[in-house]
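Here it is, the structure, as structure tokens.
Chain naming follows the written order as A, B and C, and within any one chain the residues start at number 1.
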Amino acid sequence: MSKIGIIANPASGKDIRRLVAHATIIDNNEKVNIVKRIILASQELGIEKIYIMADTFNIGYKAVNDLVYLKQLKADVQILDMPLTAGFRDSMVATSMMEEKGVGCIVSLGGDGTNRAIAKVIKDTPLLPISTGTNNVYPSMIEGTVAGIAAAVVASGLFDKAATCNKNKRIEVYKGRELVDIALIDAVISRESFVGAKAIWDQESITDIFVTRAHPASIGFSSIVGYKEIIDDGDDVGAHVQLGAGGETILAPIAPGIVRKINIKKFNLLKLDEDYIYNAENRGIIALDGEREIPVRAGDCILFRISRNGPYQVDIRRTLEIAQKSNFFRKV
Amino acid sequence: MRQLTYAEAIREAIRNEMRRDPRVFILGEDVGKFGGCFGVTQGLIDEFGEELVRDTPISEEAIAGVAVGAAATGMRPIAEIMFMDFVTVAMDQLVNQAAKMRYMFGGKISLPMVIRLPEGGGLQAAAQHSQCLEAWLTHVPGIKVVYPSTPKDALGLLISSIRDDNPVAFIEHKLLYNLKGEVPDENEPIPLGVADVKRPGRDVTIVATGLMVHKALNAANELAKEGIEAEIVDPRTLFPLDKETIFNSIKKTHKVVIVTEEVKRGGWGGELAALIAEEIFDYLDAQIVRIGSLNVPIPFTTVLENYVIPNEIDIINGVKSIL
Amino acid sequence: MDLTKELLLDMYTKMNKIRKFEERVSELFAQGKILGFVHLYIGEEATAVGVCENLTDKDYITSTHRGHGHLIAKGGDLKFMMAELYGKATGYCKGKGGSMHIADVQKGILGANGIVGGGLPIAVGAGLSAKLRRTDQVAVCFFGDGASNQGTFHEALNMASIWKLPVVFVCENNLYGISMRQDRHQAIADIADRAMAYGFPGVTVDGNDVLAVYEVAREAVKRAREGAGPTLIECKTYRWRGHFEGDPTVYRPKEEVEEWMARDPIPRLARYILDNNIATEEELKEIEHNIISELEEAVKFAEESPYPEETSAVEDVYTDLVEEGRVR
């Protein structure tokens, strides 16, 4: 039986960047609609069982209710029975539960932050991220119907995961020997000393940027690196940039609507599994995939490492091309 | 002396005050280029611009509330509610905010604001565009209620209302807008709380408001043909009320007929009747007569509307019933 | 963003002042010394303080029935507040307003308000007034999740938006409109989403994190002052007490209350201050100690103040008229 999971984060998409960066809004009722489109598409392509994360807005229940009333639901949909924290832990718990239930693909609705939470625990289930966040590099803006179809292809088990997915890189952050957190796209060190409104958007306070990938077509702090050097997810390399006077100046879109001059003092490529040791001279904070997370005190020694221990991310275009070439969509 | 219509007199008062005091501004539905539903604010936008002659969305409660907030912070707004019927939508801001704010704050704020309220029937506008709801407002301590019946009164009273430091409900009768009348050359304020004897007489006092003043004058002319001399008192402000002028007239004539266009039940006219009964009962030689609209919604078609709203015949009959 | 010691300690002082004032009010209410209805702000301190730290005395706020916190955050005087709660002549409103109507117009506080949603258009009017008078004042409108279902909410947001007024709408989403949980009283989870319908930004923020609220409000106030128009900030928070003092709160589970009490905003700020060596534990203790003295002085002031003359009941309705009194 083909199964998929859906993780829709009700909290993504309304942080301070809405105010400072003209960022896009996807409200929760639209997330309900996206979930409905994923269900409708995937059930037509053979998905029989769908698990949905429980959440404080009841995105899953609302989607299912509507489809039941309209007599459009064919798949067996189960909302996970899980305690809610209304925080990122919900996504982590749901990921593990879905993997235990043997889903063939997890579709996520959220931003870089939501996917970072999933990536902390996901083992080898393919992840198909749909962007509903503000400032995203990791998930893509894709129509839910198409996402549902691609998820069904991956979950069918007919195609090799190596063909449909990319094994992502990630940034591992260690304090001493302990892996304290990860990022999928970027880790940024800021002189800000508090978590506050979480989202990081003020470039003046930033001193260092670590990235797994960088491209001028993306948005956010990874774009700063992308304006200097293109690094694909497939490249076995990451980068570290130190900001500050003395080097070259580039223009980069550090957040939606915010294009700023950035002074790059130092640029280094980082090989996979190579350690970068950061000795903090001042207090500050480390933001992971755009969210302020780890407070740093003067004297702290922090180690950054880029590895290929990230999730298997579904390459939607490649997946659909493979399916098409294999006549997956031809109905007899 | 100039001749102005009632609508022109209102406009003149607003213009006069806006020229005199930069804190005065107008807001309301379609008060700008459109000139107001009854054309009262026509042309003001050309002189004062759209910032001070401010079109609002159709949001009566916010119109009233914005006036409260602006008045509380140093402006002197004149808000127009397109038809007085729509004041029901703005009642919280008028009744619970505007009227009470000064009192609730221990006298530490003043709210210099005017709410203009066109009322009255006679336009076949039916039940939701014809009401006279002055009693809703006179019932609430904290609001002054003004109701002119002539261009001269409209001009002078509106000037005073705009200069008043309290919330003032300024009621206008829609059928009076085109009434022409003499107006002094100087734009002089008429103090609130001062009634005006519109016609002297000895036999009976008719207290009438708004359009009913004119119907009472017509009725008095008819009555005069029969030798009955009615004195017509126009209170001009319903609160504060010039009891003295009204009571002095009744003390002279010993009979009173109260004529208002509002529905009779629970009306302002009933309040006046009660005051007279309470305070000068001994001077009365007959029961107090109240004439108002019938206790029904205002109907649409002319024959029904005319039946419901009082006219000269009703007033003559009322007077004769106590002579 | 520079978080100075002065700013952080002012936040800490005000949040504690609110907490201790409200706790004292609760006791005094239970003792029957304060009458009427009181709605306490305990648990929501970070919201009022985080927002008001961005304002000056010239800026305006409109408040709610749960207004003590806003007043203190905007600089209200505990003596006059307490005297008003006691119904004394020396109170902010000379005993005519009580808890739900305390105002300090000199400090830009356009009053607490007993009507849910009543302050929304008034704040818009204050914003319009600031704009017409060409000042750089900002009007902040506090209201709750319940008020976001009132017509005034929609009328006010729309008007502020079309006129690009310097108004910051601060929704204190404390999860309940009296007894009705948010998921029963509206079909959205984030009230900030509603800003989208009126064409300006809406932000959701942790209302129990004073630094987060401060940061978001700072941007919103800046935006308003610069003429860019309104912002809706939704602060997710929780009231520890019932809707009013005496409310048995049968409508919410104990676990929920405990969970939110664990997110107490005051120790969160204290932890930040101590962890970053901004002040010592002794300094914080001293702040709390000073508040207790100030509070006890306020209670003493209230207790020793006279009640108003009964005939003053007919004063202050109008600026120029005194209503008729009663002969007894």
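As a working rule, contacts are C-beta pairs under 8 Å (C-beta built on N, C-alpha and C of every residue); 3 or more make two chains touch, one makes a residue touch a chain.
Quick caveat: nothing in here was measured; it's all calculated off a predicted structure.
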item	value
Chain at the geometric heart of the assembly (C-alpha centres)	C
Relative to chain B, chain with the most remote C-alpha centre	A
Inter-centroid spacing, chain C versus chain B (mean Cα positions, whole Å)	39
Chain A-chain B separation of Cα centroids, rounded to whole Å	66
Chain centre separation in whole Å, for chain C relative to chain A (CA means)	38
Touching two or more other chains - residue numbers and ranges from chain A	none
Touching residues (chain side chain C, partner chain B) in the complex	60, 62, 91-97, 101, 103, 105, 110-111, 113-115, 118, 120-130, 132-133, 137, 139, 151-152, 155-156, 158-159, 162, 315-321, 323
Chain A to chain C touching residues, read off their complex	10-11, 14-16, 18-20, 22, 25, 27-29, 56-58, 192-198, 202, 205, 283, 295, 297
Chain B to chain C touching residues, read off their complex	25, 51-52, 56-57, 59, 61-62, 64-75, 77, 92-93, 96-97, 101-110, 141-142, 144, 164-166, 240
Residue numbers on chain C that touch chain A, as the complex places them	1, 3, 183, 187-190, 192-193, 196, 201-205, 209, 211-212, 214-216, 219-220, 223, 231, 234, 272, 275-276
